[in-house]
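The structures come next, written out as structure tokens.
Presented sequentially are two complexes of chain A, the first with chain B as partner and the second with chain C.
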Partner chain A sequence: MPEVLKAPLVVEFPFTRSLGPVQSAFLTGLREGVVLGVKTADGRTLVPPVEYDPVTAEEIRDLVEVAPTGTVTTWAWNHEPRRGQPLATPFAWALVRLDGADTALLHALDAPGPDAVHTGMRVRIRWAGERTGAITDIACFEPYDGAPDRAGGHTGEFEDPITGIVAHARLDYTYSPGRAQTAYIHALSGQRTVGERCPSCRKVYIPPRGACPTCGVATLEQVEVGPRGTVTTFCIVNIKAKNLDIEVPYVYAHIALDGADLALHARIGGIPYDEVRMGLRVEPVWTPGARYPDHYRPTGEPDADYDAYKELL
Partner chain B sequence: MTREIAVVAFAQTDHRRSTEESSEVEMLMPVLHQVLARTGLKTADIGFTCSGSSDYLAGRAFSFTLALDGVGAWPPISESHVEMDGAWALYEAWTKLLTGDADTALVYSYGKSSPGSVRDVLTRQLDPYYVAPLWPDSVALAALQAQALIDAGDTDEPALAAIGARSRASATTNSHAQLRGSVPPGDYVVRPLRTGDCPPVGDGAAAVILAAGERARELCERPAWIRGIDHRIEAHSLGVRDLTDSPSTRLAAERAGAFERPVDTAELHAPFTAQEVVLRKALRLDDGVRVNPSGGALAANPVMAAGLIRIGEAAARIHRGESDRALAHATSGPCLQQNLVAVLEGDPR
Partner chain C sequence: MSKEPVAVVGIGQTKHVAARRDVSIAGLVREAAQRALMDAELTWADIDAVVIGKAPDFFEGVMMPELYLADALGAVGKPMLRVHTAGSVGGSTALVAANLVAARVHGTVLTLAFEKQSESNAMWGLSLPIPFQQPLLAGAGGFFAPHVRAYMRRSGAPDTVGSLVAYKDRRNALKNPYAHLHEHDITLDKVQASPMLWDPIRYSETCPSSDGACAMVLTDRAGAARAPRPPAWMLGGAMRSEPTLFAGKDFVSPQAGKDCAADVYRQAGIADPRRDIDAVEMYVPFSWYEPMWLENLGFAEEGGGWKLTESGVTELDGDLPVNMSGGVLSTNPIGASGMIRFAEAALQVRGRAGEHQVDGARKVLGHAYGGGSQFFSMWLVGSEPPDS
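Up next is the complex of A and B:
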């Protein structure tokens, strides 16, 4: 079996999220250095506050300010901080019940070591230097041995409340395409298109994915197809794609390679876009060093009969 | 309940740290073939198919549709998918069979954690406003729960290490397990949890077949009848919950009838040692109950399949005559946030 192919894959996107009225007040408060909780029907104060009562599911809107000081209810020592976490140096994760709150908030606790942390210890918020209205406006908690800070009487009304947050997410993977696609990609880099035949229905799949989707069995017999093929259907692309250096309009087509039972798709070049038609015979065009065809162009053969490719539409 | 429904077959992969030579469908397909072969059924004979998986694990968009290639979904089959552990796919299939719309169901799930960093991937399931921006990884959250249990006097580090050791010792008889035999407690990952308190990270898949009434008796010598199954969820905010207890597990167990008569076996989905302490308490399991004879999630934890495997392992023991009444549990979310309990029984011998 050929060497397993691998490539780095980064999945990264910013989620733009709108906020409910309670979340908006809480995060705007953090921007202003104020911590707000919300009162439930049974008189408890939830920090961080939520839009709906976790017990009754009632809408709750009664905001109340709590102190920036509190008590650790549980903790865990994180000696190897990971990307994105609040502190880059070893720290404790902690659930902290702020003075005036009945529930605990998760955040980092900056302490010299695990021996300096215990459940029940007193801590206070260390505010971030630059605050935007996000949970990270709290830089972390820090040990605090003073008297409980008094909460102000903030009502949760702000002049310029934030209404949304942008939450960045990034996950890193090492992608490997599996047995069938690895073999396909290896062959393609040698300018050969190799599919796989289903042992049951005898169809040849290009590109192969390792299983026949009709029969649910492994496709193991390798079959070289093409290089020539027939345009089964196509569309004319009129909008330029970002970062793609191809003049519009151009044609993108389904191409049934000779010997394949599934059409693949590729760009058609070497012919005016308005002359491409179903049945057009095409062949791949390789650029030096490329691992896959740049595009397909007409071979000059007579068009294929409709009956020859109608099952592949 | 008007129909009796049973697990009639179970199959799973050998769970491994990496299956980089296989795509997801290539990893899954042999398990589908095995589970069908155990009943003599073909895809076309199956009334309903339901699967559980998450694209985030391997970073492959729509991987569950590609996985369907391994089923052979043509002519079009009746099919559904949950972005959850396969135990919840089984729950959906069970309700489908209860309606009488189908007599048999294929349930499968798979997880390929090796391409990514599962500790970080799982942060993306957390509250996106207040928690996910801090990237608290799955071990960190489990460690907060473990410390709360230690503070409450419910356990200590040696007791946690003993749970890990017992699980890996049990797994010596489970050829599918990833971590077996004598495994040292290791260093702290996030204190108080050590490597030995954490599940192995790995890839794997599992599948079961459900059948109703007489169909179940035709397909299996000793069907594992699902006497009850229920799942319950707790508030998502960790700071609202009592992390030393699991009222959702207790309630699900009550609704599944777990407390009506004692069970002889329990397969618990406790990826971290401390979570077994919580579950034993919530489920009132005494020392007479065999807990995780398979080794449990501490021996093999293919994410999205490990819960379904608990049901499959419990059912397989009933099939083999090693259990008469077993409890299977599956969990989802941080610190046992959501819990499913099933009670399985074999016919009297």
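Up next is the complex of A and C:
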């Protein structure tokens, strides 16, 4: 059996976020070198601030400034910083309760080694050189043995507040299509379409997934289907899709290959788009080096009878 | 021991729009939840548990709404659950909440669903570039358009039916202050003259992208007795699913949809849905799905759904009004869309639908579906409690 295929799959999106009043003030404050918390009804100051009181669920909007100095409440040493983390050299992840706050903020603490860090140690903010209104405007915390800084009296009103941010998300996977699809892909490289038959319901699956989704049993028997097939249904695409270099209009069709019990999806070419019809008989057109047929074109055979493919719609 | 009857005593929605840049996601869900509490005249302290639903994670990148939104929904110290069934999620979220009341696990449950499509990208979320696979060639509309063509072939429906649905739903939306699209100058000609995107689906026959949230307060018999306004009573509720693709799958009328409806009707004692149900709020993201679902849900025989649409039966003043709110065609915050259907059904039987109220609506079906027509959730609500 050939080795199962594997390839990296990176999913990466730049999500936009509207901040709402509280996060807007907090991030704009960081840009201006001011740390803001929010006061709850029972007089506690939460840093970072939240929009709703975690205890009473009431909306809270009373912003107060806290000091850029504080105390480590707990920490963990990070031996090997990873991509995107605040510092490139080993550092401590620390929860820091800023002077004037009742809750702690998570950030990096720059220290020469774990022996230089302890709970209760005094630290202060090291501001980033260029600040944009993001949590990274705090470059990190650093050890500090001076007197507590005094908080200013800022109340969160700013000129030109930041109202939205872009939050990048990235996931790194190793993707494997599995045994059945690997065999299918290998067969395609010889321009053959090979599915698998369910031992129970006898249906032939293209592409095979190694198991029958209705019977829940493994499929192993290989069955070559096509290359010809019937257009069961289709649509005419008139809008250009992002990342697809296909001129519109084009026909996107469901094609039941002869011998398959499930239609696959492909583009139809070699015929004006407005002459494509249900029942049209088609065959694949390959381009050198491509994994899948470029498109399907009419074979010239008479159209299939509706009754012959209506169960495959 | 029989189930506890479940009542809807509070309903809240945001005004659905293309982009709510003035609020965070927390602020958005809060707005809907507070309106539901106000309707029920309850406070956060009266809520025993919160059940939340949203679109698939990649859509707007919030992986754990149950964690991130607990403060905003007053859920700290209470059970908070998240439900996940693609486009049908708003419906299944409401049913999970309802089941907690029916099973007497909790007395009063807040259920909520949301989506900020302006801060997400459904196209990305639906078409990840999977290695070795052929790229998707047509987008969401291209996925559904061939099934619409199959329906037209199977039923012999004239190709004008889709535009009739869109024209009706957009006019209904004008009567709903919460609807996203308010096309005051809509005409049938305009719908029919709109560009063909994925032939046979026209631009005006597709749903918009919306930001919005919907919330409901569900409670038991004792809670309903204390409610300041008439409740809606759940008479039946069910969910069904099936694989996206399998040999023999009927995309025009999926078996899971038929089975789900049959289960709801059995629970509610509905012998003939066309006769016994007064109105339907169903999930129609592309206009042709109205006649398709009318058949799938048993309101018309196979091939006959389009005749109800064409003859005006599904108009707001028709014999079986469909999508009184303006439907998904007028408002589509995907994660919330299913719950908006359920909420509209409840508004109708409570007599609180305002300008789009159907006179004498006593039993109304709310319907949601999602994925590749593979998840279904429905409830039937009534103005009178179920027979005990």
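We adopt the following convention: the second predicted complex is superposed on the first by the 312 of 313 C-alpha atoms of A that agree within 3 Å, B and C clash if a C-alpha of one lies under 4 Å from a C-alpha of the other, contacts with A are read in each partner's own complex, and residues count from 1 in each chain.
Please note the rule applied: a residue touches a chain if its C-beta (ideal position, glycine included) is under 8 Å from a C-beta of that chain, and two chains touch if they have at least 3 such contacts.
Model, not experiment: these values are computed from the prediction.
K.L.:
Identify the partner contact of A:I165: answer first if only chain B is touched, second if only chain C is, both if each is, neither if none is.
P.N.:
first
K.L.:
Quick one: classify A:L313 as touching chain B (first), chain C (second), both or neither.
P.N.:
In the superposition, A:L313 touches chain C alone.
K.L.:
State whether A:P54 touches chain B only (first), chain C only (second), both chains, or neither.
P.N.:
both
K.L.:
Would you sort A:H107 into first (chain B), second (chain C), both or neither based on which partner it touches?
P.N.:
first
K.L.:
Identify the partner contact of A:L9: answer first if only chain B is touched, second if only chain C is, both if each is, neither if none is.
P.N.:
So A:L9 meets both chain B and chain C here.
K.L.:
Which partner does A:R83 contact after superposing on A: first (chain B), second (chain C), both, neither?
P.N.:
Touch partner of A:R83: chain B, not chain C.
K.L.:
Considering only touches as defined above, state whether A:L27 meets chain B (first), chain C (second), both or neither.
P.N.:
The answer is first: A:L27 touches chain B but not chain C.
K.L.:
Now for A:A151: first (chain B), second (chain C), both, or neither, which partner does it touch?
P.N.:
After superposing on A, A:A151 lies clear of both chain B and chain C.
K.L.:
With the two structures laid over each other on chain A, which partner does A:S18 touch: chain B (first), chain C (second), both, or neither?
P.N.:
After superposing on A, A:S18 lies in contact with chain C but is clear of chain B.
K.L.:
Based on the A-chain superposition described above, do chain B and chain C contact any of the same residues on chain A, and if so which?
P.N.:
Dual-contact residues (chain A): 9, 11, 15, 17, 19, 23, 50, 54, 167, 169, 175, 177, 181, 212-214.
K.L.:
Write out the stretch or stretches of chain A touching chain C in their complex.
P.N.:
5, 7-9, 11, 13, 15-21, 23, 50-57, 59, 163-164, 167, 169, 175, 177, 181, 185, 198, 201, 203-205, 212-214, 232-239, 241-244, 246, 249, 252-254, 261-262, 265-267, 278, 291-292, 306, 310-311, 313
K.L.:
Quick one: in the complex, what on chain C touches chain A?
P.N.:
20-27, 30, 44, 58, 60-61, 70-74, 76, 116, 118-121, 123-124, 128-135, 137-139, 141-142, 145-150, 153-154, 195-201, 243, 245-248, 250-252
K.L.:
Help me check something: in the complex, which residues belonging to chain B touch chain A?
P.N.:
20-26, 29, 32-33, 43, 56, 58-60, 66, 68-74, 115-117, 119-121, 123-124, 128-137, 140-141, 143-148, 151, 188, 190-193, 235, 237-240, 243
K.L.:
What part of chain A is in contact with chain B in the complex they form?
P.N.:
Interface residues on the chain A side: 1, 4, 6, 9, 11, 15, 17, 19, 23, 27, 46-48, 50, 54, 73-79, 82-86, 93-95, 97, 103-108, 114, 119, 134-136, 165, 167, 169, 171-182, 209-218.
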